[in-house]
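Multiple structures are listed underneath, in structure tokens.
Each of the next two complexes has subunit A plus one more chain, namely subunit B in the first and subunit C in the second.
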Partner chain A sequence: MDKFSYIGKPVVRKDALVKASGLARYAADQDFAGMLYAAAVRCPVPRIKILGVSDSKARKVPGYVTLVTHKDIKGPNKWPLVVDDYPFLPETEAKFQGETVALVVAETQKAAKNAARLVEIKYKELPFVEDPLKAMDKKAIKLYGDDNVFAKFVIKKGDPDKAIKEAHAVVEEEFTTNYQVHAYLETQGVTAVPEADGGLTVYSSTQCPFYVLDGVAAVADLGYHKVKVIQTVTGGGFGGKEDVPALVASHAAICALKTGRPVRLIYDRKEDFNSMSKRHPSWSRVSYASDKNGKITACVVKYVLDGGAYSTLSPIVLWRGAVHAAGPYKIENVRIEAYAVATNKVPCGAFRGFGQPQICFAQESLVDDLAHKLKMDPIELRLKNILRPGDKTATGQTIGASCGLEELLETVRKRSGWDSKAGSHNPNSTRPASGPDKVRGLGVSVAYYGVGLGAKGRYLDRAGAYVNIYKDATVGVNVGNTEMGQGALTVLSQICAETLNAPYDNIKLEEVDTSKVSDSGPTVASRTTLMSGNAILEAAAPIRAGIFKTALDLLLAKGAQASSPMSAFRGVFSIGEVSVTFAEVVKECWNRRMKMGEQGWYVSPHTSYNMGDGQGDAYVTYSYSADAAEVEVDLKTGVTKVLNIYAAYDVGRLINPRLAEGQAQGGILQGMSWALYENLVYKNGIMLNPNFTDYVMATIADKPEYDIVFIEKPYAEGPYNAKGMGEVPLIGVAPAVGNAVRNASGVRVRSVPILPEKVWTGLAGNRK
Partner chain B sequence: MPPIVVKPPTLQALWRSLPSFGGARRYLAGGTDLVAGANAAPAGVKARPKGGSFDRTEVWVDISGLKELRGIKETKTSLMIGAGAKIAELEASPLVRRWLPVLSAAIPHFASPSLRNMATIGGNAANASPCADAVCALCAEKAQVLLEFKGKRRKLALPALFKGPKKTVLRKDELIVAFEVPKWKHSGAYLKLGPRSYFGISKAAVAAALEMDGEKVRSVCIALASVAPVPLLAVKTANYLCGRMLNEENARTAAALVKTEVSPITDVRSEAGYRREMCGVLLERALNSIASGVSGIN
Partner chain C sequence: MLNAIFKLKCTVNGVKIERDLDSSRTLLEFIRVDLGLKGTKEGCGEGECGSCLVLVDGKAVNSCLMMAVQLQGRELTTIEGLKGREGGLHPLQKTFMEEGAVQCGFCIPGAIIAAEALLRENPRATSEDIKRGLTGNFCRCTGYEKILSAVEKSKSCR
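Right after this comes the complex of A and B.
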């Protein structure tokens, strides 16, 4: 085992002090001389034909400056994303309640908001479609193409129909899941500043500065060299600041170009709810077949995501969901069909887990149902089928050596007391609870997660870094991936410090500036540690060689024994008793006029996946999780309280165990909140609860006790053998909770959120 | 907030200056409903069918500085609670703890500590939400409410203040100045079914106050939140219990009866049928908890 200075150590977060003390400058803290404020004018109903936009009343608001519509867009009116169906601003038709139709610019935030309220959209209401399954009907109104399908993927392996026919046991059920709102503390926000050369500098709260660059350059019809995007300290993302900040920034950019002054655009919570991306609602029908010993022989999935009014990231969210839809099992016969469908509702996109949590809820619930049908213990059934190194996934990919799923499952089995508690298929074997009418139960789930963008996003899967050592031995590092609270600045600093043998405190990682590093793709898919970490390793390698050689020279000059090996630890180089500091070595390097700044570039390995039959390597590697949830259900009210979550993860080597624990706790709570509480309601195409009063999320009072274990299976290609972490802890929580509810109460709820009303209805049905 | 907020120093000054305000006005106390409501309905999306944005020409009258509305005092027969008393003041009050067991039980369910520091009991009533936890509890405590307009006072039973969701019998510029709550030797319980463990608006809540005469119920008042257009007194159920033994069987019968008195709706927060059933569950649990002496006083 290597002796590391910083890798695997719980060093203090780089951004802890500025965030805890309130000094961090978020999007709304950016201030510029002469700055104006923009506010959006939004579509009031689900679908309209736009007949005109009038500011005759808005003009009377003191401080009013101008109205901005699609006519002010310089470039083509298409936001460049996966498919270019989303205009920056609509010209003739708006497709969902809350869509930005125009903007007003004013001298103050208040004036802008007041004026926006007075802008009149003249429109004719058009018929709309709300339900994705109805949108797939041949007779449905057409919102996209000739079938309302944004994307379709198929994965085919073996002969599932035959396997089902010959099976000992078959289970088939339908499942649904509802939206999830990112609920980042900082709403969307941006400031666009016109520069003297006609260009723009954009200060954006975003996960993906290079997407903002794409959007702003397109809307402004500017060369990329005239647009600079600087990420401001970002108050949470969870996927909600992947694509849509580019749209918000493009709106601010048009306003800035039209007025020639800096323009700030900050969303209030309601418009953020109404118009920004969400986790897709889903519908699925899943079947599993098995032989009499519990070997799963077939899996058939039909999976539909409600994409909303525009395609945005739906195609790639859908692809990830489809690839993982059979679960982390070796199954010979698989057929997965997945669709992302257009409706007249808010466009859905990235959210931690990216299309996986929905289908994981379905298939992991159904695996429990299969265990029940086979009268087998759910963990025993899973142990017979889970992926181990050398096994093949649904896409025919061979699992590499970095796979600890079996150990994870055995770990949560042991730590949750599964075998001595209720952890069997028998719903009557519930354990003592806190009072009358209450019952307890345990439920389990397993999940895997393809790290990085995978085959569907392979052309984006590269990342750059610039490492620059100053004369005083401090180190500036630029990367193309962002900090959004997940700890990237800290983890990447640890990797840089370790590699150079520089003191951790000497490292300064900058927030992303698109003019400093080549396009490094998005900060998503749990890819930052892996991609930017490897880019830093490559940039630092030649500098490291120079520094280590110089250190050796200095040590020998100070009389060290040439025959003894040099050690490098926490910023000090030594041979025996003789030592030099990193600062002394760097000073000598500069004296020797060595190159102390280097670029790094990392490209993910090839993936062989074939979009035709869905076979081949989908991702470069996988992370794994196992969850056991212990719940208490009130048999009179249907209320579920999650008491404990026992979780085990294989995310490769941990760079920072404290941050990993934080990611795990946060992911569990966010997953539990989606599983039990979060319920965004649409009625007639109108969002009914775009606020934190009625969109209910878990609070700290709802949090379970966490029991979190990491089993680190090294990934050879990863920086210091790390894989990816951020999304993994969320994915398996909902099915573990649902399975525990069933184990406790006998009620199977096949829709998320598992509201008390649904459990209560199930209990009433069981009593009859 | 609107451009003009006035803050009179005394109630007298308020009455005197009324004619100078002109136009529509609203009264600002703790601000937890008024300010949050104003912030939630600014520019942008205005499609929400019922969600009216507020009129920016109106004047807000800040009554948070009026000493006449503050304080919790004890008389021979009652507690006089000023309408401007913060929920946190009630929480800390030994008088409330001694005499008002239902209100004491309800306060931990009232929003969050930070909101309890801001919100006033008068505002909780004036907002006229059928979900108001403290109001529901005060109804069970048999509270009366004192209203004043230009020095003229009137007194109502608290439930009579409410006409419907967000609607009261308050006349223009009439203010809630105090609550008069009788001192009686009773036990109480407040059971709330919210959307999560803490800090949420109830799907249903039950407030129950009982005075015992040996093993029999001498006097009882039951109020429910979120299951009718107004904070609801369950009169039939209370009449049934009065004079009966407080045992499991009678609690069960009362629970069945209370379900016939409520008129819940289906909305984003819950479903009508579920809410109705929960009224029974909560009442039965409340009565059983009182019977077992869990939340008794005196």
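Right after this comes the complex of A and C.
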């Protein structure tokens, strides 16, 4: 019997109606009286010494108001993030093409854009570095510190050199992956509104309102109590609205303070491409060693991320990548060295998967190569080595009971028809294809994802909630994590409704307002259901106790039998035939002057990870995925079409299966698009294709058939036993596709994107 | 800058209007700035993403690529003007909600307009027709599956 009212139910999204009606108000949709518009003046080349900025021509534009430079910054000119190397606006040197050097403010958007084009930066070009591997050379120009390394992490376990020497089989290869642009449909945007007390209210499209608060308070030199950040409906994030909205908002804030009027700053698509964070390009060299039975005995990884001009989030992206770099396998001997390196290109940061997809592509491709070398089925090899409850990860963390990886792999094996399709490990197997020059193949991958911020972000890993029950039995909920499309408003409403036995329709979750809830950290790392969900549980617990007690009183007063248990379902409390509604109970609670508003606070459990040797518990728990991709490769052109993705996930208990499926489908397509199409190109430090015409992404016509299964392994610490969902569906897609391409065509492509010319070149090589 | 004033007469969401218009305005600027209809979104400004789709005389148009003066004598329908038969929700809006086709929602007005234009022309559009009809609409959230099923499902309730 199903005991839940709302948990595990595919209820309709809270925000579906306003969004489908075109009524949702995004950053550019809410106007303010007297509002001005800002536009950025950007560095035209990869690296310059700034000699001056002149607005003498821009002043002639009708509606021109003012120029804003670093001189207008009130506080220290350092954007507070992980390391303070990124100035709000550069003073003497700009380090990448597209960096904001100054801003102009004007009466209309058009006037601001026109004026920005006419502002002249006087500069001297400086030598620059484009290639991260060259930046690591001792003789390279120094952009950061004395070695251009933003961050380095090492994970050491056992003796991998000895294990490799004694191994039956060893595989070692280099891999590269290119950028990925978030391409959220709503570009960066913000409005800063000056308040009468000298403070600011900031309306921001962001995943992380508290990062915006940090940035705006710093740039404006204001106390946090005078800055209020209100999240607007946010048109997609994927990590691209983690850190960078704080920079955009700080620019709008200084414009607003200088002019004393509301200032809106909305990026156009080109400047969003040019200046906002990206998935890091990567280089890696990976080795696996095994015994003759296919037991993996060692893994060695060197992993380099191209961090771009400023460190931003590179250190923590790198750390997550490093922790997961050996793959979800039990391996006794591991050495991982990871570096994030400075170059004169756009700073890279968070993107769904956060440093994991790049190294997952490398290691999961190489595990397939190992299977080939051992003449083993790639699924059989994985089954011999994957993590199960009680096994230890590369960092020595013991995997808890919530781990269904083995079942996931067996599930995709079965559903993809892996065994009946003549064995994926046999490249000569023939399968029906849609034409004589086409071949089909299957490829598999497994992945795991540490939920939440983990040991590297442990001081930020807390979240608050405020639950307030009005007299009419509607419920207002404030949390500190955001809705960006992933469904947080809905899932958290379900958790709240379930806990209070309130009707789902009575719950209203507000967009984040930093003055309403304590700093709850960022909305990243698939942490929102877990963290804000638990904070809501804590806030709701005492109210629930009061409501349930009052409900029982009312039922007994109406003649119910005290000896029978009370049931609470979908907003009705009952004993036998006697029932009262949530609204009746709440009315009585108010009559009794009970406390109907409560704060909640959740802190993630301690993680023991040691940064010195990389050993210890890295994350509180993990989510898991297995993917099987079926592709068709055109032997004449090298074009790959993904036909099917069979995916299975363990993300703990599902709060909303329809939303979870939507997250899975979206993550799969984003991963597939990165694997095959998305190719941002730099030449001589200049981004060549900063637009949707030349940067190709998957459309509805490229969509594969999705076959998605959830295996729910309850996580005891999670709200209603949930873990985290958002990122895991993207991570394993690229290697599954790459392995399928190899299975179909015999060509192994070790660089993402797997473009037709790379496959074609491989086919041509094989024909020789 | 020579911005002539143009006298525009057209129909917007069923209502006849007359406006003095800056002739350099794109249709998108006219809709968002002059008419204050914010449901039509700018995603790229270059006609690639489909977020700004509107119906002009029943055909889907990227409003960032059309000048407002070209609306003279014609009929504009934006997402705000789509209504169901009894004035309630339009069937596409309903099925987009029910199927879970809405995530961040920024592309949704454009996707609904594209689907409406397609189904007006071909009420029995197949799955392949729908895919062809919506290739100009980027969605970065959903993987398109639920958008496709929402459009399919709406066919029976038109």
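Please note the rule applied: the second predicted complex is superposed on the first by the 762 of 768 C-alpha atoms of A that agree within 3 Å, B and C clash if a C-alpha of one lies under 4 Å from a C-alpha of the other, contacts with A are read in each partner's own complex, and residues count from 1 in each chain.
Going forward, contacts are C-beta pairs under 8 Å (C-beta built on N, C-alpha and C of every residue); 3 or more make two chains touch, one makes a residue touch a chain.
Because the structure is predicted, anything quoted here is derived from the model rather than measured.
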The answer to whether subunit B or subunit C touches more of subunit A is C
So, A:Asn691: does it touch subunit B (first), subunit C (second), both, or neither? both
- Query: For A:Val603, is the partner it touches subunit B (first), subunit C (second), both, or none of the two (neither)?
  - Reply: neither
**OP:** Scan A:Asp268 for contacts with subunit B and subunit C and give back first, second, both or neither.
**Re:** both
Just to be sure I read the superposition right, which of the two partners does A:Gly235 touch: subunit B = first, subunit C = second, or both, or neither? second
Practice item. Could you look at A:Val154 and tell me whether it touches subunit B, subunit C, both or neither (first, second, both, neither)? Key: neither
Who does A:Tyr26 touch here: subunit B (first), subunit C (second), both, or neither? second
_Just to be sure I read the superposition right, which of the two partners does A:Tyr706 touch: subunit B = first, subunit C = second, or both, or neither?_
second
Q.
Quick one: is A:Ala545 in contact with subunit B, with subunit C, with both, or with neither? Answer first, second, both or neither.
A. neither
The intersection of the subunit A residues contacting subunit B with those contacting subunit C is 114, 268-269, 691, 693, 697, 699, 701
Listed in rising order, the residues of subunit A that touch subunit C in the complex are 10, 12-13, 15-26, 28-29, 31, 62, 114, 182-187, 233-238, 268-269, 484-487, 658-659, 661-662, 664-670, 691-693, 697, 699-701, 703, 706
In the complex, subunit B touches subunit A at residues 39-49, 53, 56, 193, 195-201, 268-271, 274, 277-278, 281
Listed in rising order, the residues of subunit C that touch subunit A in the complex are 1, 32, 36-46, 48-49, 51, 78-80, 89, 93, 96-98, 100, 102-109, 112, 130-132, 134-148
Subunit A residues touching subunit B in their complex are 39-42, 44-45, 97-98, 112-117, 268-271, 274, 636-639, 641, 677, 679, 681, 686, 688-691, 693-694, 696-699, 701-702, 756-757, 760-761
